[in-house]
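Here the chain labels run A, B, C, D, E, F and G in written order, and each chain numbers its own residues starting at 1.
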Amino acid sequence: MAQLKPIEDRVLVKVLEAEEKTAGGIVLPDNAKEKPQRGRVVAVGNGKLLGDGKRQELSVKSGDEVIFGKYSGSDIKIDGDEFKVLRESDLLAKIG
Amino acid sequence: MAQLKPIEDRVLVKVLEAEEKTAGGIVLPDNAKEKPQRGRVVAVGNGKLLGDGKRQELSVKSGDEVIFGKYSGSDIKIDGDEFKVLRESDLLAKIG
Amino acid sequence: MAQLKPIEDRVLVKVLEAEEKTAGGIVLPDNAKEKPQRGRVVAVGNGKLLGDGKRQELSVKSGDEVIFGKYSGSDIKIDGDEFKVLRESDLLAKIG
Amino acid sequence: MAQLKPIEDRVLVKVLEAEEKTAGGIVLPDNAKEKPQRGRVVAVGNGKLLGDGKRQELSVKSGDEVIFGKYSGSDIKIDGDEFKVLRESDLLAKIG
Amino acid sequence: MAQLKPIEDRVLVKVLEAEEKTAGGIVLPDNAKEKPQRGRVVAVGNGKLLGDGKRQELSVKSGDEVIFGKYSGSDIKIDGDEFKVLRESDLLAKIG
Amino acid sequence: MAQLKPIEDRVLVKVLEAEEKTAGGIVLPDNAKEKPQRGRVVAVGNGKLLGDGKRQELSVKSGDEVIFGKYSGSDIKIDGDEFKVLRESDLLAKIG
Amino acid sequence: MAQLKPIEDRVLVKVLEAEEKTAGGIVLPDNAKEKPQRGRVVAVGNGKLLGDGKRQELSVKSGDEVIFGKYSGSDIKIDGDEFKVLRESDLLAKIG
């Protein structure tokens, strides 16, 4: 899964079952207005360029479980699994 | 409830009953144009990246009671309770 | 009234009677295109974050009488009185 | 007239007769696409906050005769006279 | 003509006959998609405020012949002649 | 292929077969909402101008295999092959 | 042709035949979604103002052959030939 390297502030996320309860009992309702979805980060970009020529450090890393809007980002299928390429700012929260 | 860690300038807020009067007598009318809602902050992000590579410090913290537009942010249900993930700039005011 | 603390560059304003003439004879016509309204500032935020990590100082303070567009900001009712939470940039002018 | 203090980069302008010729013979046609209007500045704001915490100095001052788009800004009536609260950038030019 | 002083990055331009050929043979077709028009600069603003509190220097000056989009800016009539108040960035090119 | 030099932060990409599986088994579904497409970078621009007058360094280089939205950028045909000129920010991820 | 001097980051481009193959075999298809067009730069502006008061240096110069979106910029006819005034960022790539 490491062969996809997101660009800039993007992250590659494996989409997890939306209905499935997390250990902490979080439910992401399918009928919510913005339909947040759950996923696991599998790769992160090198960050956006800052004004001084350095790149930002992303606040998530591989392995993090995250939630994000269902209609955010781009869908990609790898070996039958669904993935998303999202900008970090499309992520709502880390779980755990 | 601490297992959801908002990203950047986002906050996780437990939605409180809109009709309920606060100690100070604040009523958030259900028929107002922008329908402000009341909630309690349960987790805050690490702040947005500033130009110099540092991150901003949010002006609310866990435990703060806040009001915000009813249609702001994303709805999440945890163990039957309703939560919102909001950007700090979606918050209108702290109560108390 | 001090128990509502606006966030960032927001101000809490008690809405005054629009038809009432001010001491200086200012009339805010009800049929004007943008319908300016009159109010008294009762609380101000701590200002927006500046690039250098400091916060701006707002140019209005509690007690100031201000005018603003009728449809700006969010309506809140406290003990039967009408209030607005507005961004400072939604304010048009201070009176007096 | 000095009791209205515009906020930030706003100016308070007394609207002058649009049809009236200026000394220099300027006519602001009533049927023009953007309908520029003529007025006299009666109060100016303290300027927008700059990045370094200072405030800009406005390029008009009380007494200046200016032109601006008819549909710019907010209308206010004081003692029967018509005024506008405009942002400085809504002003097109100074006369004289 | 010098009695109109444009604000910030604006310029006052006397509109020239669109059909007329320039010395260099430039034709500004009346049926082009964006309909560029020809004019002569008669006054320029003091430039936009830069981050450090200085003002930019405009890249056109009084007397310059310029072209600009027919629908850019605001129309003003002075002593029977047509003028435009345009932002410098609405200008496409200087002629000559 | 080196005779096309993209401007600023643009890259020239040879479009690869969308249906074709990559070595890592990545499938880019033709019926996905944003329809990501696969391609090989053949030329990159000199980067956007930064605030200090330097130019950014792009995070992809010639030879990189990338994915991007099907409807991003501009299509160009060279000797019967399809190419895209894309901004770097239109790229979703590098493969490999 | 040197009598038209583009403003800021604009370039003056002589439009070349779209159907014509370039030496390198580049075809710019007339039926492409964004319809890139080919042209030769005949004049460039002095660049946009940077934050420090200097002006950017454009990355194309007179004589460069470029491609750009057919619907970008403004059309001008000079002595029967078609020209475009484009912003540098409307240019997709240099040829050769």
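The working rule: a contact is a pair of C-beta atoms (placed from the backbone, for glycine too) under 8 Å apart; a residue touches a chain by one contact, two chains touch by 3 or more.
Computed from a predicted model, the values in this text were never measured in an experiment.
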Chain B and chain F share contacts with A
Interface of copies chain D and chain E: same or different residues on the two sides (over or under half shared)? different
Given that chain C and chain G share one sequence, their CA atoms superpose after a rotation (degrees, nearest 5) of 155
Dist(centroid_CA(chain E), centroid_CA(chain G)) in Å evaluates to 22
For the pair chain A and chain D, the C-alpha centroid-to-centroid distance in angstrom is 49
Per the C-alpha centroid definition, the whole-Å distance linking chain B and chain D comes out as 40
Flagged in chain B as touching 2+ other chains are 51-52
Contact graph of the chains (line, ring, star, complete, other): ring
Ring traversal (chain D first, then chain E) gives D, E, G, F, A, B, C
In their shared complex, chain A is touched by residues of chain F numbered 22-29, 32-34, 36, 50-52, 54, 56, 59-60, 66-67, 69, 88-89, 91-96
Chain B partner, complex, touching residues on chain C are 3-8, 10, 12, 43, 45-46, 49, 51-53, 71, 73-79, 85
